[in-house]
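Pasting the structures here.
Next, two complexes with chain A in common: one pairs it with chain B, the other with chain C.
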Partner chain A sequence: MRSLGLVWLSLRLGVLNALQYRVDFFIQLFQSVIGLGTALAAIAVVFSQTDELGGWTRDELVALVGVFFLVGGLVNVVIRPSMERLMEGVRLGTLDFTLTKPADAQILVSTRQVDVWRLVDVVLGSVVIVIAITRLGERVGVEHATAFGLVLIAGMAIIYSFLLVLATLAFWLVRLENILVIFATMYEAGRWPVGLYPPWLRLALTVVVPVAFAITVPVETLVGRLEPATLVTTVVLAVVFLVGSRWFWKFGLRHYTGASA
Partner chain B sequence: MPELGRLRAVYAAKFRAEIALQFAYRGSLVIWLLGLLIQPIVYLVVWTTVARSQGGAVGGFRAGDFAAYFTMLMIVNQLTFTWHFLEFEWRIRNGFFSPLLLRPIHPAHNDVAENLTFKLLTFTVVVPVAVFLLISFGATFETQAWQVAAFVPALVLAMALRFTFEWTLALAAFWITRTGALNQAYFVAMLFFSGQVAPLALMPAVVQAIATLLPFRWMVSFPVETALGRLGPTEVLVGYGAQLAWIAAAVILLRVVWRAGIRRYSAVGA
Partner chain C sequence: MTAASIRVTDLRKTYQVPEREGGLRAAAGSIFRRSTKSVPAVAGITFDVSPGEIVGFLGPNGAGKTTTLKMLSGLLYPTSGEATALGHVPWRRETDFLRRMTLIMGQRNQLAWDIPVIDSFELNRAIYGVSRAEYNVRLDELVELLDVGDLVRKPVRNLSLGERMKCEIAGSLLHRPEMLFLDEPTIGLDVTMQRRIRSFIAEYNARTGATTLLTSHYMGDVEALCRRVIVIHHGSLLYDGDLTGLVERFAPRKTISIDLEPDQPALEPGVLAGLAGGPDAVVQHGAERVTLRVPRSETAAVTTRLLGRVAVRDLVVEEPPIDEVIDLVFAAGPSDAAERAETAAAQPVA
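Let's turn to the complex of A and B:
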């Protein structure tokens, strides 16, 4: 309960901070709308030449774009900025102040920085998903939608754990800001179903950078194409990732000596 | 020509400094390499899938043609792209523009030298990536010898055009303090009108017509189409003409905007 309260407090502070810069909202809105329009236009171009893409219909790909924006937005609202701040904290020694607080350090560093205007992506993504679901019609049953929600949460947990592990590496390799760019680059490939890619890249997008679990797998669940085994695997994997990344974070923390002290 | 001799000395010095600088950031280069590899693969894979589902070819492109197209696109993109318009806001906001203005040489020379050095260095990485893509995706070319020769001037003109145009775009930072949205709009235009999402031949007729009138096709798509052997002699000559006309327009625009912008510029943080 106390942890939840802390998360809420961090997020509220972030929102208050962002409200000082309201013009940023309109800039973000403009950029997000353009980004979404681009993604949908690219799908339109592809489907002007074909009726299906590797077994995916147009509406399924629209749903994929929605999830791409939703998950990307969630990552960019709190996870990525907080991880960037964590790495900066390790480099500058400001992490000391966080560690001395009488609360769970992982929760504190994970919600430290909020880029609230990126919520625009979350909202736009959700709208696109709803539109796609309406167009898919009766193919999306209640059980599919429930499983979709479950897999989406599992996918987010996997992505969060992955980014936490990347950021924790900063305890050993201090100058590492660019490592998060690797994730952003690989994430771009998630705009399309990972099944399209050649085996080596598909493997990389599943195992090395787990983009597949956050985007392709949830949409497959939504359209009822996912086998129950994959669903169970995803959830189990999420738990393994969460436990593993927490262990790694604690292990890394023991190597932290403080840069300023 | 003492002027030219001096300019050459300036460029030589800039080359040496840039090479040292780039070697200091090897880690960033590796990440940049990853992006270089992923980008062409995404649309290459999408269009190859479309070609297969349409019985092997779509709009005259077979799977091997797409491999050739997107690999050449990567090479041309890599040789023509500039990043200065992404840096100008930061340059002006933090006052880094002032020292450049104090030098007895136009700041554009600084960026041309920076640009050429970066490309010279990174081309050593681009070549193996291109070879990997061409082989692993089974690229096919129908290029004749004259088209290979015609590709060279098309590429050089494209480099000049894109640099002049994007450097002029960068000058918008003299008036607008936040250029992110403008730059993104530019990226989107580039994406659809220069053949990044799909070869222009696969685009709707309206888009193709607009693309012919706008400069973007002449910055990227035209050299790629030439290298793939998809253009006849007349089309290549018309293309050179369009490139030269756009370069002339961009140079004039650059000079006008530069004069007006430099008067507006007041150093920040100096």
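Let's turn to the complex of A and C:
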């Protein structure tokens, strides 16, 4: 309970900080609309030639784009900026203050920075998902929607844990900003179902950078194509990732030396 | 006698620092083979601090002050050795310990940059679980003591360095810590602001009895606040005791300045040297002003001899300025510091 209160207050602070820069909203809106338009246009082009792409229909792919924006938005609102801030904190030594606080340092660093205007992506993604669901019609039942929600949360947990592990590496390798850029690049590949890619890339997107679990799997759940086994695997994997990343984070903390004054 | 607030036994911290020759070839080579070398930042120090004490940590840059402070505030794991603070091993970072102490660093800030100070305070209130009522009382008290009434509603980026520091301090004390680690709290501030912060720290200590460890490059801070100083150099403890003792040990000579009455026969150099106890003791010999530097124990005898022999208008006996003493301490390594200090003090400074 106390942790939740802390998350809320920390996020609130981040939002207040970000609200100082209103112009960013319009820039973000512009950027997001262009991005979404391009993604939908690509789907339109593909489906002007064919009715199906690797077993996926047009509406299913629209749903995928929606999830891509939703998850990407959620990652970019809090997780990515907070992880960047964490790595900067390790390099500059500003993490010192966080570590002297009688609160869970992982919670504090994970909610440190809020890029509030990225919520535009979350909103646009949600709208696209709703539109896709409407068009898919009766194929999406209540149980599918519930499972979708569950898998989405699990997928977010996996991505969060993955980014936390990457950021924790900063305790050993001090200059490491680029590692998050690599993640962003790999994330772009999630625009399309991972099944469309050659086996090696599919494997990479599932195991190395777990984008598949955050985007493809939730959409498969939504359209009712997911095997129950995969659902269970995803949830179990999320728990394993959360526990593992927390252990790694604590291990990394022992190696924190701070920047000397 | 209560138990010590801080107890440090043979504490060591060795950093592994990457090392390579300059130049492109070495840089390229180091991508694959990184050679490191061990740098002992703190090389085995032992001391106790009693509850309520204000102890000043002195040492040149890189002496190991900040590293020690960071180990005691739980930020760093030591390489070896033991320490307890408020009954806890600091680097276990137990909630009870963290709740009762604070770390303030003059060179870093923790307040969120773009929003009013008070919003950052609110987060600290939640982190430390301070009740609303208590928070309001403490905030009022700190606002008054530090004179930051109007400042707390301004965004941090609109504050001057001194104003920001005052707000940082207020934010770090909202949970009324019993132990303060202050790492150069007055760095970069103007003299008035330095004095203000000093008197605040003294006041906080008097009101709450908080044990305080302070590092500073400004001797003013140390003179004003710390009866006891710990001098660290190259990671080793060089001196631990009161400030006056430090002066006596490292600056064993006092300065005697005399203004002579103008209407009297000039003093022969030989005569003056005789009065001062040797030609080395004469620092300056003018027609109307004479400066001597004599061993502490002979100050009274020399003064008496002078007063009996010449007509004196004014006479002042002084300790060397503390800054100078510190210079002498740091000019040497741990082993020969005292010796070197002795020699250096004997050198006439024209």
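Everything below uses one rule, namely that the second predicted complex is superposed on the first by the 260 of 261 C-alpha atoms of A that agree within 3 Å, B and C clash if a C-alpha of one lies under 4 Å from a C-alpha of the other, contacts with A are read in each partner's own complex, and residues count from 1 in each chain.
As a working rule, a residue touches a chain if its C-beta (ideal position, glycine included) is under 8 Å from a C-beta of that chain, and two chains touch if they have at least 3 such contacts.
Values in this document were obtained by computation on a predicted structure and should not be read as measured data.
S.K.: For A:P198 in the superposed arrangement: first (chain B), second (chain C), both or neither?
M.R.: first
S.K.: Is A:I34 touching the first partner chain B, the second partner chain C, both, or neither of them?
M.R.: In the superposed model, A:I34 contacts chain B only, not chain C.
S.K.: Let me test your reading of the model: by the given contact rule, A:V142 touches which partner, first (chain B), second (chain C), both or neither?
M.R.: neither
S.K.: Which partner does A:E52 contact after superposing on A: first (chain B), second (chain C), both, neither?
M.R.: first
S.K.: Report for A:M186: first if it touches chain B alone, second if chain C alone, otherwise both or neither.
M.R.: first
S.K.: With both complexes superposed on chain A, which partner does A:L4 reach: first (chain B), second (chain C), both or neither?
M.R.: neither
S.K.: With the two structures laid over each other on chain A, which partner does A:G93 touch: chain B (first), chain C (second), both, or neither?
M.R.: second
S.K.: Quick one: in the complex, what on chain A touches chain C?
M.R.: 2, 5-6, 9-10, 13, 16-17, 20-21, 92-94, 96-97, 99-103, 108, 254, 256-258, 260-261
S.K.: Using the touch definition up top, name the residues of chain A that touch chain B in the complex.
M.R.: 23, 27, 30-31, 34-35, 37-38, 41-42, 45-46, 48-50, 52-54, 175, 178, 181-182, 185-186, 188-189, 191-192, 196-198, 201
S.K.: So in the complex, the part of chain B that touches chain A is made up of which residues?
M.R.: Its residues touching chain A are 27-28, 31, 34-35, 38-39, 41-42, 45-47, 49-50, 53-54, 58-59, 136, 178, 180-181, 184-185, 188, 191-192, 197-198, 202-204.
S.K.: Contact residues on chain C for chain A in the complex?
M.R.: These residues of chain C touch chain A: 15, 62, 66-67, 70, 73-77, 93, 95-99, 101-103, 105, 107-108, 110, 112-115, 119-120, 122-123, 126-129, 155, 183-184.
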